[in-house]
Amino acid sequence: MLDAFGPVPLVEFNAVSNTLSGQKPRVIVSKKVAPYVLLLPFLLVFVGFLIVPMGYAFGLSLFKTALVGGTRFVGLENYARAVVDPKFWDGVWLLVRFGLIQMPIMLSLALIFALILDSGMVYARSFFRVSFFLPYAVPAVIATLLWGYLYGPSYGPVAQLATALSLPKPDFFSPGAILGSLANITIWEYTGYNMIIYFAALQAIPGDLEEAAKMDGASALTYALRVKLPMIVPMIVVTVIFSIIGTLQLFSEPYLITNLARSVINSNFTPNYYAYTLAFVAQQYNYSAAISFLLGAVVAVFSYAFMLLANRGGR
Amino acid sequence: MAAAPGGRLPMDSSSQGMGAVPSQFMEQMMKTTLPSALGRVLLNRRRLLQGGVAAGAALALGGPMGRAMAQDKVNLTVWAWTPKTQDMANLFMQKYPHISVTVENVGQGAPHYVKLRNAVTAGTGLPDVALIEFNSISSFKALNALADLGPHIDPAIAEKFIDWTWTSVTEGDKVYGLPWNTGPMALLYRADIFEQYGLTVPETWDDYAEQAIKLAQAAPGKYLADFAVDSGWTAAVLWQAGWRPFKTEGTNIQIRINDEIAKSWANYWQRLIDAKAVDTKPGWTTEWFAALDDGTYSSWVTAAWAPVLMEQSMTKSFGKWRAAPMPQWQPGGKVASNWGGTVFSAFSTSPQLKEAAEFATFMSTDPEAARFWLTDVFLFPVLDELIEDETLMGHPYEFYGGQAVNTIFAEAEAQVDPSFEFAPFQDYVNSQIEDNFAMAVAGNGTLADAFDRVQDAVVIYARDQGYTVT
Amino acid sequence: MGIVGNTTRSPNFRRNRILLTAVLCIYLVYTLVPLFYVVTASTKTNADLFGTFGLWFAGEFNLWQNLVDLFTHQNGVFSRWLGNTFFYSLTSAVGAAIFALLAGYAFAKYEFRGKKLLFALVLGAVMIPQTALVIPLYLMLSKIGLLNTPLAVILPSLVFPPGVFLMRVYVDEAVSNEIIDAGRVDGAGELHILSSLTFRLLMPGFATVFILAFVAAWNNYFLPLVVLSTSENFPVTVGLSIWYASATLGSGGNLLFTVVMTGALVSILPVILAFLIMQRFWQGGLSAGAVKA
């Protein structure tokens, strides 16, 4: 891309500098001030609509409101209770197991498809791209509805096929199968999402490298794996961290599927589900906030551990 | 309208609090409810064609004069999820031209209550009136959110309501809502399947168990019933058995969830589950409705409103259902129960409680409205007068193959014991019942164990919430 | 495009191309089968929906009637919801993508005081689940009088931290320091370097963030559910799930399940459209290289 853009922008740039030195004197933002100016719009909404509410939520977590007796300050009492709450840690453990199945499958599929699409060696590239992305565009309510039908123990297509072949009907909601069933839904939903991120990163790799590689006679596969893949490692790290966050905060899918799998999904199935139940069913807003912050800490530990690992691997 | 200084409405200001509604809230109301009311009525061609005062009034509002007139009108916002509620609100507006009502469906079940509770916590954003279920009254009372409508209603209307419903909404002379519909329970069963397998309509629960075993043996894969984990249903059928888990007096609460009655009820169902004489699939799913429709399940002990749900998806079994009185624990007993049902409550943040009371009174007691709910929406009435009305109760329903089922529900309604109390934190109790029953049904322990665990969890919770548990 | 060059070059290319396309087709089936259920369901009557096999059409083709029902139910409020969703998503996504681009660029290309701390804060804030924010956000919005207004949905949606991370990494990769330094040597202001030199390089990244933010806003459910209480303001997600609850939990038979499914189908279409529009910007990056080749 340097080659492609090298000469062109310079021409443009001269035009720009001409206007700059011309009749219209404009405020030139210096290198020192620039980052703050660039960050300002994001920071305004970030602080206003994320940090301030979060501070409020943290405040909530230091109090205790009871139906009888009102609100009182309890300091870190809610946290002391949360760190030894087995309902919280059961959920974390469940999601660790869930993530170990789901994340590698989802991310490697996304990466493979992105590399294939990027290589240009397929027909109907843009059709595949939009199709793979589509599940992400389906609202979670509908997505769960779809899978609820497909998993249906009596009338679902899989069950009907099994009946037709006189095989035993699979039970997607059994204790042994539920993690796989949920992982399948999230893989379906988010593979395209990650694929798009990788794809955009691959597209940004300067084209001249490709030329050089072809002169060496490297096959498309070697090129993709040896040259392109290493270049998007930072993006892969970002998506892994997104996935760690998304996994440990898993809520919508189990929540929406509860009605179908009552015997295996309870109201503290995942930590975020637990926080939801505490806040909106049990009306323990304060304790719920503490659970949320504790979960944030757990996510931070996992993400940090992964970053350390990635750094070590990189060296 | 009283608009007091801004700021948040203190939560504990209950009945006297309406003066303290922030002015911005009022502005908001004017901005949002008015145009929406207009759009709603104007767009509804059908209603315009019907003509009448409501449409006329709406048209008058639509003109340039609208704004000026609107100032004198009282705007009520009502949150309700039931169908055709706006139709009846329009009827109300015909009779009370100075009140304009906007019905909003903000969801039902969890979303509805989550929204209400958030608004209660924030002190703003509550509607004037909302539909709430009987089992949620105590929890909103515990939050001091419900307005006392006592001063705004004619005390004589108390006489019109079926006893237990009136008891449920009142405390001394305070009235926390007006009962609107109920769910008297009966046994719905499939006449065709009962005939095919020679089952008899059970009069007692023992008999019911016998029929269940008989059917499971005669037709593997078919069940008399599904024991779906459902806290509402559990409370309702235990209500019939005499279970009285909560007694709240001020900050004292008596908790008897795992008493003898609960245990023997648990053992009854555990036996049937172990014998595979009943199924244990989750309820309320499309699969489950399909199973009721295709004869996999041939009975359902349920409430009068059930056909509302069954009618639309049940094509094969339409007309094959019949109703019989709820099975009894004592031979020859005459005890029924109630499952669900709703009341119209007003919130203490509402600056127009008088109009809110007028609306609730109309919805509950206006003869035309009350009849409409029953015949058009399957919502069972709460008025003695209607239940004693023989032509109304004699109305045959095609869903029940022409059976005049209301006579059975009316009888059940009279047999509901008014002494049942829900907890001031019923949502928590329900989630505990469902989590623990689900475990038991999946084979981890028995239903009786589940009751013990629920009892323990709820006692801890109640203490944590500041109650003195006795 | 590069493809053209490749076709003529490699004799095995055709075979590989078919092979790889076949691999993608397998996954395509997995992706589309569940969606196909939405398509068939939208063409059925309610009775057929429950009575016939889900993954094929029923005898009676009822799509048109379902569409009519969808757009006339509750006085045609569905088109209003579509409009709302479109408005909320477009404004949120444009804002979120621009803010993310600027912030990501700042993080990638500048050293400044507090950079590490700030970035850690942005990352850390995402780690705490949204569940904790619902009540505080509700209280805040009610205090500033925005409750039940479109802004209550749009303003919080402008915060899209994943966009910032993506843009940071993307800028790192796509914009070389040489371009920026060249601009500086020539005396251009920092903002002009961004807007006139590097913006074009950033378009594919911007398009990606935009489409992700757009879809996130399009599917946003919990925030609008909590902060909106007038059905005229609802987005499709909230409206449809209320209809869905009515269809399954009791509506007196005046709302059908098939209408909800048709609504789901219709609500996916604009996202496809947005995606097709945005993907031109990825190809923009490629064709620049192709000119040279």
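Per-chain numbering from 1; labels A, B and C assigned in written order.
Quick note on the criterion: contacts are C-beta pairs under 8 Å (C-beta built on N, C-alpha and C of every residue); 3 or more make two chains touch, one makes a residue touch a chain.
Quick caveat, the model's predicted, so the values are computed rather than measured.
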Determine, using the mean of C-alpha atoms as each chain's centre, which chain is farthest from chain C.
B
Across the interfaces B-C and A-B, which one involves more C-beta pairs in contact?
B-C
Could you please state the distance in Å, as a whole number, between where the Cα atoms of chain A are centred and where those of chain C are centred?
14
Chain A to chain B: how many Å between their CA centres?
39
On chain A, where are the residues touching two or more other chains?
149, 155-156, 285
Residues of chain B engaged with two or more neighbouring chains
114, 121, 284, 286, 290
At least two partner chains per residue is the criterion; list those residues in chain C.
134-135, 139, 241
Would you mind writing out the residues of chain C in touch with chain B in their complex?
46-47, 50-51, 75-76, 134-135, 138-139, 142-143, 145, 147-149, 225-226, 229-233, 238, 241-242, 245-257
Taking the complex as given, what residues does chain B use to touch chain C?
8, 24, 27-28, 32-33, 35-36, 39-40, 43-44, 79, 81-84, 104-109, 111, 114-115, 118-119, 121-125, 127, 284, 286, 289-290, 293, 305, 308-309, 311-313, 315-316, 376-378
Of all residues in chain B, those that touch chain A in their complex:
110, 113-114, 117, 121, 142-143, 228-229, 251, 280-282, 284-287, 290-291, 296, 424-425, 427-428, 431, 434-435, 438-439, 441-442, 461, 464-467
Tell me, which parts of chain A touch chain C in their complex?
1-5, 9-10, 12-14, 16-17, 20-21, 26-32, 34-39, 41-43, 45-46, 48-54, 56-57, 60, 109, 113, 116-117, 119-124, 126, 128-143, 145-147, 149-150, 155-157, 160, 188, 192-193, 196-197, 199-201, 203-207, 210-211, 214, 220, 231-232, 234-235, 238, 241-242, 245, 249, 251, 271-272, 275-276, 279, 285, 288-289, 292-293, 295-297, 299-300, 303
In the complex with chain A, residue positions of chain C that touch it
1-3, 6, 9, 13, 16-17, 20-21, 23-24, 27-28, 30-35, 37-38, 53-55, 95, 98-100, 102-103, 105-107, 110, 112, 115, 118, 121-137, 139-140, 155-156, 158-159, 161-162, 164-166, 169-170, 172-174, 176, 178-179, 182-184, 186-192, 194, 196-197, 200-201, 204-205, 207-208, 211-212, 215, 218-219, 221, 236-237, 240-241, 244, 264, 267-268, 271-272, 275-276, 279, 282, 285-286, 288-289, 291-293
